[in-house]
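Step one of this worksheet: look at the structure below.
Residue numbering begins at 1 within each chain, and the chains themselves are lettered A, B, C, D, E and F in the order written.
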């Protein structure tokens, strides 16, 4: 293709520099899991509104976010170009208000040939964006972050856990 | 519906506590813009790999992320439950490596009845997730954040800019 | 095309017998609304389980159904071949348990060139299917129906209301 | 999460009352089938129009409905929040005019870890909605219903058939 | 971004070389149409099978292709990265067997701020791919092409017609 | 269904003339590959613009086309009615300028029960449409074609290669 060959050290960037889906044909099907979290700093005003409305209303902001995250996990391969379509076996999404922040935690499991880290991260991120959408009328300074992987199991790299994460 | 009425102070939560799409029928069509950013802390090892590969390879990690963000902006109303479908007029997405972090900035414009903040945030977030996907083979500690609105114009609340953001 | 010309009396079937999207270019943009309902006969066993679990659990079966209906309204033109894409302004979806049946009511509004009856019906139907999915572990005899239009306003045919429907 | 634990007797409602996808990781892959039907009561006027137009035009109303149903079966996990993505092996959809009603019957097969009842029901329901869309210019009183499962095979609950359904 | 500035003479390639959606905010809404065709060279064996099966079976191969094209027109902005979402007003798709080739012609109309050439081309192309899928069991040598724009109206560039195309 | 039985010799057309998804339940999972190409005749003016802009800008026209093709491969079963959903293992898409034409080549691999010819053809076709979209401001006479299968492996029909294609 006329491009100088480049060794990139990144699996999604081919030697010629082009992007590619990692070839997983022929790989073993094993059990894969991943857990990711996303935080939304809503600030004291919005946190207060969420608490004042009682568990029902809070359930609807967080409940909507949870469903949006579960649905988004199933759409990850449509949104992230080099992701493989997967037949996901499980998506769990928890949403809780902790002081002035909302914490979303997504856990995904799949018997498959490739990991589900992107499914977990995408679920948590979209859930966080949904929280933002539900509360934005009360404040645009709301921030999302961090969004990060907490733990994964299965596959060639096996078990990995972020330092400081208790697991489970 | 048997639920106690609640005043929630949040536009997306109805007086009865249920979630709802804000009714924008009858509102004026005006020009709306929004700018949002997302940061990806890739760390020195991955930043080095991106720089060593030269502009072509870096272009492919960042180029893929930019396209994923542009496509995601157009799908925001499918992902965020209470968002309205919009006929977006423009999506711009910039991606740059700054030291050990990648910065994505999305700008969206629309002649419409409702703002485009969620389109800009979703574009930036999905672009960030794509960067993560492209580099994750070299490190799972990568973190996304903050993801936040920088500026918006149009509509009832008019012009808003985050403190410290130069604009443009 | 070699087919005998046929006058069909149906707007979506062209004189040659082929299916087509009704041409709405050049039509006026006016306010359109539509209300539709869907019933799910869950039977006394499941109705009891829903009531015993209290408003929180019931909220999650019905809450999930409501969100699924709202999201489906926005996807109607992808599912129903001859439907036009619309920039929907509002979707409201109510879900209530009435004796041994769940009733879903969807109301859709749009400033547009064509009606929103299919959006309301699709929202109600998908919400009903979601209720079925949530309860099916306790009984496969559950039936969905009727699913029908209750009321519509706007456009050439103006206001129509099903006999016996109080409106609102 | 601060909610009182609840035993709900419903597999899609977690002990805490939250909604969840049933965890099917580790389950055996077996052959699954499901058959569902949907009826559309079009009334004598529309039934007459469908018959007068001959088999070609009727084929297009029913043919469009059949294709919409087949396509919808493949999209079930996008529409029904707690449904798992499946690699469907077969979708068959029949559509016939019986007196003043249209009958749609969908049969779905899959070698998988979970049943395909929702795929069959969704296919039948969307096909019915498509019939409604094709004929609605001639009458808004058209009703859809019942939509219900007729038969299923495979999985833990094995073979189930609705009373009065001949099978096949 | 560290790239040398480049004047590209192409509207979708920004001065810095990056891809971008053309900014159509503020442009006038006018009537836009486009007509495109796609040919499928099926060869004499398959053409004979299509004719022998009579108009019903042929109608199903061509009928399926027509519906797939109409649905694809509505999804163009999801598939073509720099395309704008549009509220399409009309899609017409004709499919005919001409000797050993199938000809698909798509016509799209929209009151909008940007042209509908991509919608027409995508409709014709997906219809052609569908014909291929329906007949491929009888021959893999089938070729698609040409796929090309025949005519367009509206917008800044006004009326354009391919030489040799009669129009209409 | 009242239609005369017809033997059509085409697997996707049922004996009664109706369209159907081929039943692949119970078939063996084997490795499947397919390679397809699509050509875009851009003409000397546009080819010159692409060359003058240097590899960076050319990379963006072709880079955008490549990503669009990879994403489209994953969506084939949504676009082509009788296609089965597949868990694709690999999509590679090459894009090169050859004189006055752009050549796109897509290769798809999957461990599955059915071939991936449609995935490869769809990827190549959508990539070609994307090239057209990126260059159309400089010329509407651009033509796409041929789009055709070059090679396939696996499944009942085993290895097939188009005459004149070197393979690989």
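Just so it is clear, contacts are C-beta pairs under 8 Å (C-beta built on N, C-alpha and C of every residue); 3 or more make two chains touch, one makes a residue touch a chain.
Quick caveat: nothing in here was measured; it's all calculated off a predicted structure.
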**Request:** Have a look at C-D versus B-E and report the one with more C-beta pairs in contact.
**Result:** C-D
**Item:** Type of chain A:chain F copy interface by residue overlap (half), same or different
**Value:** different
**Asked** Looking at CA centres, what chain is most distant from chain B?
**Response** D
**Item:** chain B onto chain C, rotation angle from CA fit, given as a multiple of 5 degrees
**Value:** 120
**Complete:** Interface repeat test, A-C vs B-F, B-C or E-F, passes over-half contact pair overlap for B-F
**Prompt:** When the C-alpha atoms of chain C and chain E are each averaged to a single point, how far apart are the two points in Å?
**Reply:** 31
**Complete:** Between the Cα centroids of chain A and chain B the separation in whole angstrom comes to 15
**Message:** Measuring centre to centre with CA averages, how many angstrom lie between chain C and chain F?
**Reply:** 36
**Asked** Residues of chain C that touch two or more other chains: which are they?
**Response** 3, 18-19, 55-56, 59-60, 63-64, 67, 71, 75, 81-82, 85-87
**Asked** Which of the chains touch, listed as pairs?
**Response** A-B, A-C, A-D, A-F, B-C, B-E, B-F, C-D, C-E, D-E, D-F, E-F
**Message:** Quick check: in the complex, which residue numbers of chain B touch chain C?
**Reply:** 1-3, 18-27, 77-78, 81-82, 84-87, 112-113
**Asked** In their complex, what parts of chain C are in touch with chain B?
**Response** 31, 55, 63, 66-67, 70-71, 74-75, 85-92, 94-96, 109-111
**Message:** So in the complex, the part of chain C that touches chain D is made up of which residues?
**Reply:** 3-4, 6-13, 17-19, 39, 46, 49, 52-54, 56-57, 59-61, 63-64, 67-68, 71-72, 75, 79-83, 117-118, 121-122, 125-126, 128-130, 132-138, 140-149, 152, 160, 162
**Prompt:** So in the complex, which bits of chain D are touching chain E?
**Reply:** 55-56, 59-60, 63-64, 67, 71
